[in-house]
Amino acid sequence: MLPFSFEWAWDMGHMVFMGGLWYALTILGLGMTYCIIMAAVDTAKGKGSHNH
Amino acid sequence: MKEEHKHVKTKKYGMVIDLDKCTGCGSCMVACMSENNVPFKKDETNKLDSITWLRIYKLTNGKKFPETDICYIPRPCMQCEGEHGHAPCVSVCPATATDYNHETGIVSQIYTRCFGCRYCMAACPYHARYFNWWDPVWPDGMEKSLSPNVSPRMRGVVEKCSFCFHRYQLAKNKAYAQGRRELKEDEYQTACTQACPAGAITFGDLNNHNHAVYKLAKPDNKHGGRPRNPNAFRLLEKLGTNPKVYYLSTREWVRRAGDNYIKDEGKLEHH
Amino acid sequence: MSTLDDKAKEVSAEAVDEAETESPTEVNEKKQDNGPWGYIILFFIIGFAASLVIGWGIFPKVLYSQKKQPIDFNHVLHVAAVEEGCESCHFFREDGSFSGVPKLAQCVECHEEVQGEDPNEAKFVEEYVAKGREVPWLVYSKQPDCVFFSHIAHVNMGKMECDTCHGHIGESTHSKVYEENRITGYSRDIWGKNIAGLKKNTWDRMKMDDCAECHAENKAVPKTVETLPWPISWMPRPYEKPASSQVRVQIDKDACFVCHK
Amino acid sequence: MDSALIPEGVKRCSFGKFILWIVIVGAVLLWGVVAMLLCWFKGLNQTNMNDAYGFALWIWADLAVIALGGGAFFTGLLRYVMGKDELKNIINYAVLIGFICYSSALLILGMDVGQPLRSWFIFWHANVHSMLTEVAFCLSCYFAVLTIEYIPLILENRQIDRVPFFHNLSHNMHGIMAIFAATGAFLSFFHQGSLGGTPAVLFGRPFSFREGVLIWPWTFFLFTWSAAACGPCFTILVTWITEKITRKKLVKQNVIMLLAKIAGWMLATYTVAKIIDTWYWATVTAPARGFNFMDFYSNNPLYGPWILVLEIVICGVIPSIILITKTGRKSSFLLISAVLLAVLGACVNRWVMVLQVMAVPVLTFESWFMYFPSWQEIATTILPVAYGIILIMISYRYLPIFPQEQEIEEEKNASIFV
Amino acid sequence: MKVCRRSFLSLVIGGAAGTALSPLPWKLIDDSSIWTQMWPWTPVPEDGEVSHVNTVCSLCPGGCGLTVRKVNERAIKIEGMKGYPVNDGGVCLLGLSGLQLLYGSTRVKTPLKRTGARGEGKWEKISWDEAIAEVAKKLADLRAKGLSHTVGCIAGSDRGTVAHLLGRFLTAYGSPNFIRTPSMQDSYEQTMYLMQGAQASAGFDVENADFILSFGSGLIDGWGSPVRMFKANSALKNKGKLVQVEPRLSNTAAKSDKWIPINPGTESALALGLAHVIIKESLYDYDFVNNYSFGFDDWTDDQGTSRKGFKQIVLDEYSPDDVAEITGISYSTIIDLAKSFARASKPLAICGRGQGNTPGSLSEFMAVHALNALVGNINKKGGVWAVPDPDYIRWPEVEMDINAAKGMRANRIDGAGGKTYPDSRYLLNRFPEAVNSGKEYPIEALFVVGANPVYTLPDSRAVKEAFDKIPFVVSFSSYMDETAANADLILPNHIFLERYEDVPMPAGLQKPVVGLSKPVVKPQFNTRHVGDVIIQIAKAFGGGIADSFPWDNYEACLQETLGRKWDTLNEDGFWLDSNFRAPGWERAFDTPSGKFEFFPRTLAAKNENTFPQFSPVEPEGNEGRFPLILIPYDYMRLASGFIGDPPFAIKTVEDTVLKGNDILVEVNPKSGRGFREGDQAILSTPKGSVKVRVHLFDGIMPGLVAMPRGLGHTAYDEYLADKGINFNELIGTVEDPVSGLDAAWGIRAKLTRA
């Protein structure tokens, strides 16, 4: 998972594989961060305190 | 890295087993167990969960009395090279616990790295890999007989024959002590080779034309190591596993038993 | 059943409470004491700080048990008394294996009788020499059973100094406390004194990554071995050309077996 | 009793009845947990696996639930990326089913390895050339996606939703769900494929070995394809079962029809591809390794050619035909039979690709390896089913899984009044 | 309340964040997996200095040289000794498993005295002084009553200093009853004695033979000195032929150049038939037959009666047609075999079934040996040699007092050397019957050394009964074997890796060799060398008995006995009589005629027509009730001698031999109709019935059932005990009319559904 593992030797397979993996992880991470921050902002703005 | 390889004469340690000489006596199995701290349990008659790095198969020619014939095939790990070290088991290991060592041509197995997914066992057509289904338990006092050169395996990991790689290491240590880097043929021999009372097993470097294994098997190293000795064969040659264990037999049916054939003639029935 | 029921009631009660009481006074509350946020942040900080203290301070203390060596050993004294440095006691056997910690028989060569007045010396002679018992030394650099390490490959062939991995142990006058990981049984010297696993010196840690680091460094040197010296910082003396030209530091990822058994 | 937690406007059974069922299914779950603990503490000797049968029931269960959980990613793909808007009415349930399937798969994998405490080595010391590594990475990542998709559902619980932060969080997550879904589809494509690659790269096993393109054997694509085909079928099937049990219509028929039609075409194309693959393998790949086609289907007590007929014809061709024809889909009986067959087909395919692979002898002097799972294996394989039922029960009761439920209810009531 | 709840949540979140940023979780994850790599219950072998010690194995009569690898004080691996004249580096699996015997749980760790009933397994630990005092007292009591001759000793060997000390003790004490456990060696010794007049063992120069004709000898199933035979067999592949005559496709048969299945028990008929062809075709060695043999042609005995010679009898009675009828081997095969045997340059005929653990019919041994004589392959390269015992034990005469002399005049309990069997030395097979019938005299005390008769003797029930009748049984076994378990007192010996002992004459070797077992490790338990114990018991008696043992201890005795050989033995591990050459034909035959006697005159005088003659040994039992014949088979992976299989060895046993605790018997599919592979069955013989499983095997002659020897132990540890069936429970003994040795090779049997 981490390129400093002893047995690691970069090759094409690693690039594709790790590229795909980190791409996905980044999107998920950024997406969730975005959602949480926006939710906090929204809450601070007073949205969602509803009485329905 | 590639350039560095030029400086090192890469070895391809391999084995030639003369099935005409092999008596099926079991010495190699026990020599291996004793050398490699292989555990044992009360009932070992279920051969599917009995750890024997080197297992002797008993083959019959399937003919009726008195045409019957039997032959023993000792089966260590074949140390497959596949194509450029792409052994069936190596590429599948998710945690790099097993690897093809290009310096010696030996497939390593690191027990402490292995987490027991058994994918390599599924990949090995020779059933040369064994899983530690149980904790290894030695009866009181018998752990005194354990060798410090091979670490005992814990429950839940896969193990297999290593061509007694520790002997290679120790031989190299000894050579270093004498200021040498290269090993002589007899300095590194596996435990089974050494113990075989019939002298059926020969071990050495298949790349070295002076070594007995090369002379016996005459491997065509340019073409996946295919044997040029007409009496020599390898198990499941057609799969492209490129094993480093060669067998010799003058008996046609034994050689045929080494691989699967499309045409039914001469093919063994599954028994 | 009842608990779930209660909880449900509680939740709903709270919700109702919240809905009824909080909303109308929301603005006021915020103005007055900054709402619950102050407490929330405070408790967050308390939790955060406490766990940091536990993780960085208490945890390492709990994780390692401390053991004293059976005999306090003075390396300086011994190094001064012998002729060949470390190798006088830590030598290679004929088969190329490394002797490691000396056996009693070696010590007895000099220590048959009590020498000097050190109580440790007296204890050593009385409890071990006289009784013929081996001293149960605790080995700081003891690697686990799965590790194969060839000293001769590094010392004789690689011309490495003991210090590189073991530090200046020859300059110690007392045996330091041996710390053992309660979970793994490892010596702490393997992971390193620093709980974060950081190191300053080559000998601070002895994990696989440390071996790898050094091996990787060697990989970077010019490939034509004959034209070395290696530009390696820890190499204390000029590189000696080995008898054979085939110096090859194990760097390949396929070489697991080289260090594992 | 717990009415405050139940979504507004829907009816649920009494709390007592609910708890009674939880306890009953929970007992089964407990049985599985006991077996699981046995396996963890005593080791895999609790199973009937052996050195020849290193992969067995669990791996089959794993592959099967992942294939069936494929409904989540494919429905998500259709809904969020392809813009099939009607599917929003079933996507929640698809996600829930997917979540159950994937969490079960991870749990089973956690049991199946010999050293669970070291299983993180697969990440830390990853060998990227191993199909299993790819599976592990994508599986855990995709599980994260499913969790992300499931979270808003939880947040929509009537009480949780009242908390402003959670309400906003759920709202925001919905907002960018398409991105998550797309990522999920990407991940899912690869791990479904990698699972297909897992047996197919075993070039020492002529029965499972497949040629392919670049690093991907044909089954890589076949597995993804079949998961996309059979996953939605499983979603339809579970929805139907849920409707039967709750005695309520939960999803409108047009949604089901749409999903069934898409699944039908997927299945049909998959079946064609599978037939081509099988034919190529039987006539080219296997014979090159010295095997007659019938070597794989004879001389043993279980595996005959029937299994191939079952998989391809009965569970492939037949449901395909039913699902792609309008008449087939219209008939409730045919529709359910078809999705049932498709689900069975996926299971049979995974079975063959795991258990029969282990059973076929490769060395000429060996015979077929037969295996029967131990009770511990069976219990732990049933465990996820029980867990899934419980999770569905709870989710159905407390979360607005079926957006159309209220509407349908109202329509029904209205029709009564009319 | 709200604050409290939210704050708590906040505290937890803060804690989690902080923990994640501390080493705690990561180190714990790491350490917990390292913990799994070093589970404290998985042993870690201690490392240290490696050394090698040479010693000699005495687990079987093979006597191989071993090199034991040690790490510090632990022995960790046994390997074959390079350059040792017997095995030169090779080693069998039993020898390889030796460390499991050394450190194993089957060891008797201290002297034990029985407290419960016999065989109940209840023991009391006693000191060596007590143990020796107890034995001495018991023996003294018997001696005082004039019953010294009722003390017997069963030993695994009669060679070497330990056996001589035992024999010497019995002589000085006054008992003639030293009995060696039976093997083919008994029959070969008698054959040598009768035909060649030599008190010698038979040595086989297999390395130089180029055609080996084996009558059921398991050359690679453990016959003779196993490792040496493996090597010879391998060497034969390049330069000669092996023909195996045997009803079952043993490993030897499978690896031979030709397997000739034969009706069991008719081997001597075949030998005589071959002789017929050889004589008829004039293919025999004229020089040897004409100049160095007697009884080939017709002759006149001392009474002046004209007797038919070997030639005439064979020509008259053993035509290939007749022999084909008897043996079931085709006419042409017999002719071809005879011709190729006789035309080979160094043909060698051998016999002794399987591993040679049973003596067999004397006429069969003589018939086979006569073949060697016909081709003149006796006492020369590639042939059978009469090898005298290495003559190094030269002790002063035993000082016999009156009691001793009186005791020694008693008849031996087994009848060996008596009127009926004057030429036999030991007849252990007759011992149980003699004890049970009580005809001669009862046995009051029995020593067992290096033997496990309760397990290894045929007709287990009778053996058990006999042991029950003996009031005082002392076992010197290192292991809790069946005999030890049924003893009253166990005085555990060091095992071969812990003691000094000379190991003379590996079985079947053609050169006089003495090997030396050396202590590889210190004795692991409170055991004592049997030699020391004997000396100490003797000393406890005082008088003539003590005087006959002038040594302080065994090691002193051994050193003194070996004299100048001691140094050689200590250094090389063996001593080889380098001057020894093939005895040749001149002056080699100490028979009445001074020649090789095809027709032993000593025998002829007493018992007409015993040889040459095919006198079939009929298997016990009624053919109607028992349609099949049960034969034993030997197999390298099963130790069938006094040592049982250690865990490693039993692990190698195939699942077609042992499955779970069930033994599998081999049956030809033709005879096993109605049975499927692995089916349970009841195997019955006149001696008993046992539960077995069926292994259908085409390599066995129809009509036979074959069962491996070496299973069915009731003693030893859980790795061996209760696995399979002991063949000896199913077979009885058949006395050979000439030698009195056990000649049984099988027994009638039936196989029925379980």
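Going in written order, the chains are labelled A, B, C, D and E, and every chain counts its residues from 1.
The rule is simple: contacts are C-beta pairs under 8 Å (C-beta built on N, C-alpha and C of every residue); 3 or more make two chains touch, one makes a residue touch a chain.
As the structure is a computational prediction, the values presented were derived from the model and not from experiment.
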Quick one: which chain's Cα centre is the longest way from subunit A's?
-> E
Could you find the chain whose CA centre sits the greatest distance from that of subunit C?
-> E
In terms of C-beta pairs in contact, which of D-E and A-D ranks higher?
-> A-D
Nearest to the mean of all protein Cα atoms is the Cα centre of chain B
So what's the Cα centroid distance for subunit C and subunit E, whole Å?
-> 57
Subunit B to subunit E, mean C-alpha position gap in Å, rounds to 33
Taking each chain's centre as the mean position of its Cα atoms, how many Å separate subunit B from subunit D?
-> 40
Among the residues of subunit A, which are close enough to touch at least two other chains?
-> 7, 9, 46, 49
So which bits of subunit C are touching at least two other chains?
-> 18-19, 93, 95, 97, 144-146, 253, 256
Touching two or more other chains - residue numbers and ranges from subunit B = 1, 46, 96-97, 99, 111-113, 135, 151-152, 154-156
Sort out for me which residues of subunit E touch subunit C in the complex.
-> 1-3, 6-8, 10-19, 21-24, 27-28, 31-32, 34-35, 37-38, 40, 44-45, 47, 49-50
Using the touch definition up top, name the residues of subunit D that touch subunit E in the complex.
-> 115, 117-118, 120-121
In their complex, what parts of subunit B are in touch with subunit D?
-> 46, 48-49, 57, 59, 73, 82, 88-89, 91-97, 113-119, 121-127, 129-135, 154-158, 235-236, 238-241, 256-262, 267-271
What does subunit E use to touch subunit D in their complex?
-> 29, 32-33, 35-37
Complex contact set, residues of subunit B against subunit C = 1, 3-4, 7-9, 85, 96-97, 99-103, 106, 108, 110-113, 149-152, 162, 165-166, 169-170, 172-182
